[in-house]
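In the two complexes below, chain A is the common chain; its partner is chain B in one and chain C in the other.
For the complex of A and B:
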């Protein structure tokens, strides 16, 4: 209920948009009315292909993000602990950090072709560094008294890593993952716009080229809703996992 | 994870020989570049997939001379910065308005919270439909993509200003106008700058993608054409130049922040 009240201005905007469209104040070619977009959505849903494209896109995005999370957290924590790992990877992280990862998409197309792999790698590379950096900073910022206490109680190195360092760094790791989640959709859609034979980016592109603008807007709406829902779900999950933490 | 090699506490046992700092900071990059050149010269990798480093550099020399690479870099830079400045001006304005006026907060808060997590690049076909494939659609798209973090950081920064600062200034007879420029803006500056720093990499990511998708030269267009014709050395050159632009601008930003916040820390210290 509260959420609905909060989003009132958005609903009002949609209502104004609909009224303006009905009164022919806006060109339906340039901006289809909300009703037309919903019809386009229904058309896509009954047309059959939509679920395939959603599935393909989610598969690519989740694979890329998952790889980035596993490798990024491992690398970030190792960099904080092992001197040589840090010596090797810190310069590489520093020099590749300012590179907008979308610039790598053409290279990934050359290397991996136009199928799944180039998209998965684009998502992976785009998400990797935020996870590495947040894991590294989180692990280094662990309160040393926690470590000393655990060690004086006889905790071994592996348990120390899992029970103390990982847990204490978790808030920072999880906020890094949230940034990565948002980036994953941006890179996914960008690479699917550029060259693909399936996926939501491809769907939007081909509907637009075919002149089906209500369908194109509906496709964009789906991407927006997926991104929004994923973030909300993630924040709920994050708050549950971190419920032991003092809320600032 | 990293099993037995962990030196708990982050301290490696000292060996007799100490490696100087700058060697340690750049060794892995030098090794990487040497390996790249080495495997290329040895013919272990297909030059179509990974052109030899020295060939890329030679190509770079001729491209800068005659291929217009510098001009493309300037175009990308212009589009990125133009979009960024528009987004900064409008975004900071909206963010401040949200903190000052309840009505603005009522209106913008749900829009910002909805727009925050969605991949804004998906809107590009709409902007192309409205504004064509030239600079207007690219710049609009880029500005829209990076404005959201600017608004939310500005709002957070201006909302949470220390009340005592404002009360003290009022008690000393500061006018509302002066209060805004002399107290509110400096106090909010760190948060606003953080928002701009978060937004900047997004600006670059999106403007490169826009150029790839809608052409019109620029580094993005350069790379995607090169990829289509299979000229991988040009793709690498494009990546080098994009990275260079990113590095210079991000470092410039960090420098600007240090400058501005030196001043900020000095002025707010007595309060």
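For the complex of A and C:
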């Protein structure tokens, strides 16, 4: 039932799009029809090097996200606890939060070269701040009496960070990570657009340049599907970790 | 020398603002080892604040609290606490909560299991070991908090209205259970409540506090006969209620002397 409700609008959109394309209401040069995109997709799937591009992109995304998670959580929790860390980083975070990170990609390529590192760093930069902010807010919102409880049960002040603050802030941290996951695709694909030798962004870019628009759209579709699947997977994982929040 | 010595303690909140609030003022109290002291007073009289200071969670603004001769600077596992709002770890199961302090002590897993089961059974939560706190009623959560504290076997029990969320029957059972534990295992207990009967039934000494700012109005020694402690407790409770009545009125009737401010 839920699945039907979810997929019906998508199905309708594709149907209207296809009908409009068949009736020549849409110029196929400007927007290929769904059927053409599926053909392009089939072509990509049988072409051979799609897996390579997917693999390369996922590697860069995972590395970037992993770094953003580890550094972001550490920094966010430290900012909530150590006065000088907060004094140093809060202004930086506030100013750089609205900054479009993709604008930095040319610079990153200059710094890190055209290989993996510039892309990993782009994903890292784009994903870092939502994790920092959610960890900071989550940690600051921890109920004082939970902390007192743990202290009176023998937990020392440093151990508290891991045993209590991190665990109690986990719901917020995990939503921050979900936002980071969604943002990572933009950074990943746009960094691969500019200069790359492999990756989904590179694939989309080169197909577009060669005039294969159905193929290009198929590439975009693949990114969307991967993103959707990753989010579903992440939400399932998150609900499992946070199952203690379930109401009876 | 008393086990816990409270000397000239005063606690002011918002001290550096134009509106300081004196929560506790001029409190001197001695608590002997292995005794049960209960504190009664109207709501907002600073009884929780006093308990939190003995716990080492907040520091007095002036004065000093000593435990066994040493000034209390921070919390420690020798002082177990039950908070008014339970403060269970919501991401841990009932068993996880009860075992938390044991594993912090480094107790091996098998022994931890045994101890936690004993206290879970004692507070009548058998069968709920794997439930998370948000699935439990307030009374059940409160019993988890009790089991979590008792499991760690602290010398001193600091309890902030620990039976407040329990239904009447469970409350009576838990009161008797606590009385037994204290007699059998040499605990020093400080028990905050607003229920005068409970204070008299449990306490060897009942401290009556005034409305804000919380001061000690009177300290009464209670000696209940072993054969009919409840009956005698009820008589004594009426006596204390007379002392307390003015204070309660002060605390709840607006315009009496509500929220006395600190002068200077």
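One rule holds for everything that comes next: the second predicted complex is superposed on the first by the 236 of 248 C-alpha atoms of A that agree within 3 Å, B and C clash if a C-alpha of one lies under 4 Å from a C-alpha of the other, contacts with A are read in each partner's own complex, and residues count from 1 in each chain.
Following the convention adopted for this analysis, a contact is a pair of C-beta atoms (placed from the backbone, for glycine too) under 8 Å apart; a residue touches a chain by one contact, two chains touch by 3 or more.
This is a predicted model, so every value here is computed, not measured.
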Touched partner set for A:78, first chain B, second chain C, both or neither: first
Which of chain B and chain C A:105 touches, first, second, both or neither: first
Partner with the higher number of touched chain A residues, chain C or chain B: B
Which superposed partner A:143 touches (first chain B, second chain C, both, neither): second
Partner chain(s) touched by A:151 [first = chain B, second = chain C, both, neither]: both
Partner chain in contact with A:206 - chain B first, chain C second, else both or neither: neither
Chain B versus chain C as contact partner of A:39, first or second or both or neither: neither
First, second, both or neither for A:168, with chain B first and chain C second: second
Which of chain B and chain C A:117 touches, first, second, both or neither: neither
Common interface residues of chain A - those touching chain B in one complex and chain C in the other: 151
Chain B residues within the chain A interface of the complex: 1-12, 24-29, 32, 48-49, 106-111, 113-114, 116-126, 128-130, 201-202, 204-206, 208-209, 212-213, 219-220, 223-224, 226-227, 230, 232, 235-236, 238-239, 242-243, 246-247, 249-251
Chain A-facing residues of chain C, complex: 52, 55-57, 74-77, 79-81, 83, 85, 87-92, 100-101, 104-105, 132-135, 148, 152
Chain A residues within the chain C interface of the complex: 143, 145-146, 148-155, 164, 167-168, 170, 242-248
Chain B-facing residues of chain A, complex: 6-10, 30, 74, 77-78, 80-85, 87-92, 95-107, 109-111, 140, 144, 147, 151, 157-158, 160-162, 181-182, 185-186, 188-190, 193-194, 200-201, 204-205, 208, 213, 216-217, 220, 223-225, 227-228, 230-232
